[in-house]
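Listed below are the structures to be examined.
You will see two complexes here that share chain A, one where it goes with chain B and one where it goes with chain C.
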Partner chain A sequence: MALLTALSALRAGRIQRLAVAALALTPVAASSLLINLLLPAGGGGLATAVAALLRLIGATLPLTLLFATTDAADLLNDLEARGVGRRAVFVLGAALAAVPRAQARAVDVIEAQRARGLDTEGSWRRRLRGLVPLVTPVVIGSLAEVEDRTLALEVRAFGAPGRRTLLRRLPDSRLQRAARWTMGLLLALGLAARAAGVTGP
Partner chain B sequence: MIVLDQASYRYPGTSTWALPTTSLELRPGEVVGVTGANERGKTTLCMVAAGLAPVTIGGELRGRVLVDGRPTVELAGYELAQRCGVLFDNPTVQLTGLHRIVYEEVAFGPCNLGLPLAEVHERTQAALRILAVEHLAGRNPGHLSGGETQLVALAGLLAVRPGHLVLDEPTSRLDPERSLQVADAIARVAGAGVGVLLTAHDEELLARVCGQVIEL
Partner chain C sequence: MPRSATRTLVLMPVAIALNIALGSTVQQALKLPIYLDSVGTILTGVLAGPIAGLVTGGLTNVIWAYVLPPPLQAPTAGPFAVTAAVIGLLAGLWGWLGLFRARRATETTSLFVAVPAAALVALVIAYTFSRAYTSPQGFNSVTGFNVNAFRLSELAFVVVIVVFILLAAWLLVVRRDAGAVLALAAGLLTGLVAALVSAPISAFVFGGVTGFGGDVIVAAFRAAGSNLYQATLQQGLLSDPLDKMITSLLVFFVLAAMPRRLLARFPNGDRLVGGAPA
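After this line comes the complex of A and B, so read on.
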């Protein structure tokens, strides 16, 4: 599964994004090993640590695979093509865009505060002190922006009744359809096997 | 035509009238400028003239506001959008942030209306053409300059084909060169028969494009 994810990300040119996701797991992996190998309270040993880590990877891989290989705009477009309502699609899109938007806003606020003489570099204490004047404008600004964006949608007829026109249809090859059906079948078989007690603890 | 007849407005939960009693008329192809000190109600006037206040944001409206002969309070948001577009002073919030290229961003409004695909393309191309920004069609909307973002946001409104446009300080964040670009675009839009209500502090802009200027 991990190999499949890496290959898919490589093919989609998103190996860097996958590497970031893998890097994010490093502290969790380290703490799992630490707890199970060194601390008496954990005590599960290497096998337990590896099992916990594999479970974690198993839980995060599907999402990692999705975002490593799929452009958000394509995902939203395809969901709409499959009949998901425009509001639901927009909410998902807004959620996906929320993090980069917050990052951009934070950069703007940092630059504005620096221009006013705020020191955000140096020792960790100084950096921590510099955080306080940043948080309020970022949070309040994000909330105010939601209202502005709602109005902006309204003036572009987002509330119009009926289906939206789709500007483009994504290609869906026979191979892709077959792969989806196969994965669905494997999932159903896995669930059935688990229910029957064939696999797992 | 947009008509404000003795209209005043206050926001929900407030006791003061953000828009003092105001009357004005905006005819097709006409550019009316609105100027005045801060806190005099210019932005509120934009909201009221376009019907967003009180239709979308609530509040209390006194007097009458008519768009093409119909009271704004009787129209749904998407019906208002087809009669009057509003450009806010911060164009970045006007873009959806969901599209990879400017062309798709501009086509968002016509797509919302469920128009046939050919008409969506026709409107999108026409909107880009009238603002002379066809060269931006393939660009990422998130990577545009302030002036380009303003023009793309305006193109997104034009693609819905409103009979009127309300522009709230469209050049307040732009340098003189970009302001000139936006002023030319406003003149072209008005030349195509769209009535434009424009609020601004920039006297040069008002003198350049407006047939009439009202002070609040």
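After this line comes the complex of A and C, so read on.
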């Protein structure tokens, strides 16, 4: 599975991004190896560690590839064209757009509080004391943003009934459609094979 | 669509981003051994109800694990979307029950509400844990876990309860804030449920290793003689209640600091601001 994903990533020229995603798994891998190999009691040995890791990679990389090759905005646009609710699309899209904003807000707050002398390096009791001054401004700022955006959306008739006209339609070639059907078929076959006990667990 | 529905829809993405920002950036800045990744989820649940909380929690982990570009990506978060969703659902329930309502400390009635409530929560928890520790069959039939060695986790339980009592005492005596005790109790219950939900995920999907500081605790429990499932559950019962208690308190303080007119516009607003002006 991981191999297949890597191959298609190569094709799309996004191997670098995928490699970085795999690198993000290094702490888990290191931790897994350490605990399974070095722990006398209960450790499952190398095989367990590798199996757990492969399972994780198999579950993570395909979806990562999807979002590495597909523009999230395009995907959401297309979903809306295919009849997924406008609200679901909005929540997903807005969440993606909001993450960098929230991140920037958090960094601002951290820097501002540090400038005021907040201790983020000292003993754990001092750091615990920093929790409220860091979290509260970030949350309250976000809630103020909710207020602004709600009004902005209402003014633009977000809540009004009826279907919206899409400004941009995405091209969908016959090859792409065929590939989708093939993949679905392969998935069904794989599941059937597994249910029938042809392949191992 | 009523105005509050739009407001809920706007709140959810912002809360998702909040979860991720607090869980990564702020968590890294403070380097505290808590996750801090469910502030937005609990906030949404309390303000906009169980369904909104559920969606927010689940989506947070899915986006975090699969959609975000690598420096932010947390691949292990994906399967725990179930836990996050349950946390949001519970927060909605607590909000609906009014556990996060700001109560004035001077109201003696609120004290009369808070003290028995805290006692009741403590009783429920003591009962759950004592059953978990003393009656393996009963525990097994409820949670599906086989229980043999729970010595270490009794210690962990004592830690959790002591922290709860200390925080509650601090809230009641120093801050004279009875409402916060209810929020604290809600956090404790949420943490217990979160631990029960995430233990099988942690054990089955990850083999007890998630690349987080908790791995060491799981390993310690295993070294003490628990099997994998017990160890992940014991680790969860230690860190989840602590994390959720702190998160709930943070949410409560934020809500108490917000203007009442802002709170009242959310679907659960009536249950947050109470009748009399504070």
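One rule holds for everything that comes next: the second predicted complex is superposed on the first by the 153 of 201 C-alpha atoms of A that agree within 3 Å, B and C clash if a C-alpha of one lies under 4 Å from a C-alpha of the other, contacts with A are read in each partner's own complex, and residues count from 1 in each chain.
To be clear about the criterion, contacts are C-beta pairs under 8 Å (C-beta built on N, C-alpha and C of every residue); 3 or more make two chains touch, one makes a residue touch a chain.
Predicted, not measured: the structure shown is a model, and the values here were computed from it.
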Inset, instruction - Figure out whether A:V135 sits in contact with chain B (first) or chain C (second), or with both, or with neither. - result: second
Inset, instruction - Could you tell me if A:A196 is touching chain B, chain C, both of them or neither one (first, second, both, neither)? - result: neither
Legend entry - chain B versus chain C as contact partner of A:R149, first or second or both or neither: both
Inset, instruction - Have a look at where A:R101 lands relative to chain B and chain C in the superposition and call it first, second, both or neither. - result: both
Inset, instruction - Mind working out whether A:A157 is in touch with chain B, chain C, both or neither, as first, second, both or neither? - result: first
Inset, instruction - Tell me which partner A:D71 touches in the superposition: chain B (first), chain C (second), both or neither. - result: first
Inset, instruction - For A:F90, decide between first (touching chain B), second (touching chain C), both and neither. - result: both
Legend entry - More chain A residues in contact - chain B or chain C: C
Inset, instruction - Scan A:R127 for contacts with chain B and chain C and give back first, second, both or neither. - result: second
Legend entry - Footprint overlap on chain A, where chain B in one structure and chain C in the other make contact: 72, 90, 93-94, 97, 101, 145, 149-150, 153-154, 158-161
Legend entry - chain A residues within the chain B interface of the complex: 71-73, 76, 86, 90, 93-94, 97, 101, 145, 148-167
Inset, instruction - Write out the stretch or stretches of chain A touching chain C in their complex. - result: 17, 20-21, 23-25, 27-32, 35-36, 39-44, 48-49, 51-52, 55-56, 59-60, 63-64, 66-67, 72, 87, 90-99, 101-103, 105-107, 110, 120, 124, 127-128, 130-132, 134-136, 138-140, 142-143, 145-147, 149-150, 153-154, 158-161
Legend entry - Complex contact set, residues of chain C against chain A: 1-3, 5-7, 9-18, 20-22, 24-26, 29-33, 36, 39-40, 43, 55, 59, 63, 65-76, 78-79, 205-211, 215, 218-219, 222-228, 231, 246, 250-251, 253-254, 257-258, 262
Legend entry - Complex contacts: residues of chain B adjacent to chain A: 50, 52, 56-57, 76-78, 80-82, 85-86, 88, 90, 93-100, 104, 107-117, 120, 156-157, 160
